[in-house]
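Below is one structure, written out as structure tokens, with a few remarks after it.
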Amino acid sequence: MKVLYELSGIKHRYNGRLVLDIPRLVIEEGDIVGLIGPNGSGKSTLLRILAFLEAPSEGTLHFKGMPVGSEGEPPRRDATLLLQDSFLLKRSVFDNVIYGLKIRKEKSLRKKAFEALKMVGLPPEEFAHRPWYALSGGEAQRVALAARLVLRPKVLLLDEPTANVDEASAILIKEAVLRAVKEWKTTVVVATHDLLWLYEVAKSVLNLYQGRIAAQGTSNLISGPWRPLNDGLWERALPDGQGILAVSPPSETATAILDPSDIVIATSPPAKVSAQNILSGRVTQMLLDNSGERVAVAISLGGVSLRSTITPKAVKELSIQPGQRVWVLFKATALRWL
Amino acid sequence: MDYILEGLINGIVLLVSGDEETYSAISTTLKVSTMSIIASLIIGIPIGFVLGYFDFPGKRTLRTISDTLLAIPTVVVGLLVYAFISRRGPLGSLGLLFTLPGIAVGQTILALPIVVSLTAGAVEGLDRQLKLTLLTLGARGRQLAISSLWEGRYAVLLAAATAYGRVISEVGASMMLGGNIKWYTRTMTTAISLETAKGEFDMGIALGLVLMLLAFAVNAALSAFKKRAAQ
Amino acid sequence: AAAETPVLRMATTTSTDNTGLLDYLAPLFKQDTGIELQWVAVGTGNALALGRNCDVDMLFVHDPESEEEYMKGGYGVDRKQVMYNDFVIIGPEDDPAGIKDKSVKEAMSAIASKKIPFTSRGDKSGTHMKELSLWKAAGVPVPEKEQWYIQTGQGMIQTINIAAEHSGYTLTDRGTFIKYEDNYKGNPPLVILVEGDEALLNQYSVIAVNPERCKEVHYDLATKFIEWVTSPRGQQLIADFKLLGKQLFFPNAK
Amino acid sequence: MKVLYELSGIKHRYNGRLVLDIPRLVIEEGDIVGLIGPNGSGKSTLLRILAFLEAPSEGTLHFKGMPVGSEGEPPRRDATLLLQDSFLLKRSVFDNVIYGLKIRKEKSLRKKAFEALKMVGLPPEEFAHRPWYALSGGEAQRVALAARLVLRPKVLLLDEPTANVDEASAILIKEAVLRAVKEWKTTVVVATHDLLWLYEVAKSVLNLYQGRIAAQGTSNLISGPWRPLNDGLWERALPDGQGILAVSPPSETATAILDPSDIVIATSPPAKVSAQNILSGRVTQMLLDNSGERVAVAISLGGVSLRSTITPKAVKELSIQPGQRVWVLFKATALRWL
Amino acid sequence: MDYILEGLINGIVLLVSGDEETYSAISTTLKVSTMSIIASLIIGIPIGFVLGYFDFPGKRTLRTISDTLLAIPTVVVGLLVYAFISRRGPLGSLGLLFTLPGIAVGQTILALPIVVSLTAGAVEGLDRQLKLTLLTLGARGRQLAISSLWEGRYAVLLAAATAYGRVISEVGASMMLGGNIKWYTRTMTTAISLETAKGEFDMGIALGLVLMLLAFAVNAALSAFKKRAAQ
């Protein structure tokens, strides 16, 4: 596949504070990249940079092999970003949707706009004429999305497209994204906290943490405070009295990453095992990922949630189910420091 | 006191009776104020947009200068323009002095800071998401400006109304540059000044009333437009 | 507490102010009487209105006709002539109407018949009223709507400027013309063409605002000023007042 | 428990369009009520009415036994609403949080504000001094929430509190809500699309549909188009070729409600049963609800998702798991028309 | 032409030499414009807030009237106020004519429509979420107004700057109500008019320059305040 974006040594600062630090990132054409990470981890900032709305403080961004920003206008019309707080222009829904087409001097606005509204599940007859303020939160969000879809963009950047949106519409948005990729060869980057939804959409997932790409895929993040134990181990106390053990954190407030595939699940308290961490918890969620090949199991350890991925076969053998008491096992060294 | 009431009655009489002098002044006023407001909007809105939209060094100083020029007295504008368009001035050959375009030059200069400052303020007051939204939908250059101004249309309209108020009510520049020549460059305001100087206060009030009715008509039209634009 | 300085408030025409006569007289008046003179310089019409409304204590104006009407209305008392100066007709040096050294009547009719631009103050000021009387005397109807008759409705200097821009004629008081001349360093675009005619005399008078009608006015102060300005000392001071080395006003108190 | 809100005959219209129609609703003190429903179903409108920000077009609203709005100022200081698009005042984070306290002339602002910021997971030292615009979407949302929590309100109304918020913060928000209820006897009404989160918080759930309370709890909504079959039944075609059968819909586009407890799950194709609807699908999610007594199973029927609730025991017996093929059974008459 | 340059030089000379008449006019101008702007803000901002914030029947008409009054000529204001404060007017006994407070009354009336219209515009331009946010945080009555205005503080400041520009540059009302009495009620603008009437254009320009420097100082202070308020 062709490389579309190439980021090298990108750093971005607000008021001197480093909020994004990506030594290298390549996004290929037709990819669907998910961006996850806690609030303030830099997802929206990265999307703004990919949309050429903000120039990174440092580093270079190549788009289609060309460096962006060094000279000339950036290729803004190739990429469109659905902003996190979906902002509508002070005009009717219809005029909002056709705005981008109109300034591109395109034809058959009505047809295209109605199609886009349908794609996001808003019956055009009912919504097209409404003024911008006569919409519910989720409706407004979907109008904003329709205004992007209607452009058939080369790159579709979505910032929390399903926040405020109902279940049925989330499915429609998923389908719209997949259709864009298939029919228009659109490349999609989507930031979201809706992991269930992302599972069904994304081909790859980047986990951002404090502006850095902490991991590919959905990893567990375990943050401090860490307190030293006598044998070189450090412990993060859990609300229920148990503790997660780790080796030499760089600081007391450091955050560690724990790959879901490093976690073993057992349905009975294991006997002698080499893993230092043997914690008891309850299964809260079980989700099938979009490949249909792995099941994500969320286990609550007295409030803190850990995610483990196992095969459907293993699920069957263990015969686990939500609500069941299980034990999770992982090595103290499996925690990698960020 | 009495002259106010007399003036109000006279004002209506002037209008109804179709008083020639009054209608000449009305027509002069409308002509010259239309020229001035159009010129000041055409020049001022783009400058205001740039000052409100972009960040560049010196922007704050330019804004302060524009705000300062809000306080320029009409007579001073009159003096400055007079220096240029008088027969002995560098632009004397254009023959602008004591003509309506001559007045319009002065009024445009007078209205410009209002248009610039208020437009800049309107643009600055726009939601910061708007800029990103317009950019990401593909707007650029002039489209960006026009769409931003359209989003702030009420504030821009208000800027225009304020500038219009300044233009139609000013007297110093009209006097100095137009010469208040009866039948030619006598506007409503220069006529009012004259009546006042003559001590005919009731006529001053009468013409003032006529001017206010004129301004009311213009503003009612603007307000109707604004209501339509609200959708 | 020390008694406040008494303040006499006067409405006057712009010429007495613009020439600096009052700036010159006021401190001397205060020296002699301890009264502070404050004045509001407006058009004659406006000045009379201020008097009618009791907003000033006295008037210092130069339009005999309206003054008489004002007196008739019972608005003023103690009207006294103070001084005069004269009007002149000025125009471009090449004198297209050929009025130089003619009588006023001849000059006015020449301008009217040749339709050379003439600027009129058109503001019912003393100068304007004088001009109207000159047309009348010349047997020319006031050329109200003639193209060449430009009614400025402005002050004297502005009216002269407008005449200059049109290479036309106008009637002005000598004081203003001296100032105008000086503004051009003695080489003005317009020059004096007709002067000295009896009809061009410009009489200034003082009038006290009628204390019967206006209880609040300082009639006593007004009387003091009238006495002072018509006294030999006041008259001598006026005669001594010079602008750019030229005497402007000629005392003629009776 | 004491009745706090009592709504009777409430109708609300925008431009003549009826968007809320609640014949009767009672909310008791200390309750935690969840509001769910598709976009535009009236959740935010109902919350605005409960917050006394908007007066209903018709009907009466009693608060603490007193009719609201008939005379005098409504008791706005008793209730506070977290708006759907969290709006911040143009001042620092700290000033945003203390605003409500300041106008109430309260004391020890700093202490209270810092506590509130901590409750929403924003370290005060890092965030308090920031200007309103120097925040990520989720951070802003949490600042807005902190500004409400700091008031220790009698009624806390939350509109999509977890949209844009990360997983860890969602847990914090849950805890903050539960703590408010416990410590300050706060009554909470929360509108959300995040059913997983709501399960763990709400004591009762109202399902809104087109302005009406369609059901208590989380029900399935099945909307048209319906097409008539020969034997008096109507069918809603599913994307995978199957069809849902129903009896006499009021219109072709009508929507039906299907109670999750009316759905039976089978792991093999059933033989003769009385239910007309026997549809095959795949399990996509299994969630434990907050009572710990029921498991919600989401089953995808070729894209359309149905939710069924069964007991943990039944889960064990059926031994179902995400990804597994199952059959769902329900009567055509189980679909109730809205 | 030359008088512009001469005027600029003279202006600086006047300031540097501490010319007594000039400083008297500066001080009068500052005093009276301060009175006027404070009065017009105190009266106008609440009215503007009500017109911008609430919806009530007749609101649009009131806005249009305020917009119309933007066009009221200074002389007309002068005439109207004169009718009241002249000795024979109903308020004559207050002795306001030819005093600074008298001028201030006229200037306040002149500035009022600007303050009202621009404040109403500023309040109307506020995010509609703001109102809900303030209400739900418990604001009411005056708090609601003050917080709303604070949120729109740039636009309100701009309204104030525009009104100040109007006040400091106007001459008709000052002339009519103050009488342009030397040492007492002569302001910068009436002094400029007088110099212009005398034909001393260079002095007019000189005083104009001084006035602009004054206005610049005021606006630079406002701009600094605005920068501080940006946090």
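Per-chain numbering from 1; labels A, B, C, D and E assigned in written order.
Simple rule for what comes next: a contact is a pair of C-beta atoms (placed from the backbone, for glycine too) under 8 Å apart; a residue touches a chain by one contact, two chains touch by 3 or more.
Bear in mind the structure is a predicted one, so any value in this text is a computation, not a measurement.
The minimum number of touch steps separating subunit A from subunit E is 2. With centres defined by CA atoms alone, the chain at the far end from subunit D is C. If you average the CA atoms of subunit B and of subunit D, the two centres end up 55 Å from each other. Computed from the mean C-alpha positions, the centre of subunit D lies at a distance of 53 Å from the centre of subunit E. Separation between the centroids of subunit C and subunit E, computed from CA atoms only, is 35 Å. The set of subunit A residues touching two or more other chains comprises 85. Among the residues of subunit E, those touching two or more other chains are numbered 88-89, 127, 196, 201. Shown for subunit C are the residues in touch with two or more other chains, namely 158. By the definition given earlier, chain contacts exist for A-B, A-D, B-C, B-E, C-E, D-E. Of all residues in subunit A, those touching subunit D in their complex are 14-15, 37-41, 43-44, 84-85, 134-139, 142, 159-160, 163-169, 171, 175, 193, 195-196, 282-288, 292, 295, 303, 305, 312, 315-316, 319-324. Remark: subunit B residues 127, 129-130, 132-140, 143, 147, 150-151, 231 touch subunit A in the complex. Per the touch definition, subunit E reaches subunit B in the complex via residues 1, 3-4, 7, 60, 63-65, 67-76, 78-80, 82-84, 88-90, 113-114, 117-118, 121-122, 124-125, 127, 152, 154-155, 158, 161-162, 164-166, 168-172, 176, 188-189, 192-193, 196, 201, 204-205, 208, 211-212, 214-216, 218-220, 222-223, 227.
Interface residues of subunit A, counted against subunit B in their complex, comprise 48, 51, 53, 73, 76-77, 79-81, 83, 85, 87, 89-90, 92, 99-100, 103-104, 131, 147-148, 151.
Subunit B contributes residues 86-87, 97-98, 175-176, 179-184, 186, 190-191, 193-194, 196-201 to its touches with subunit C in the complex.
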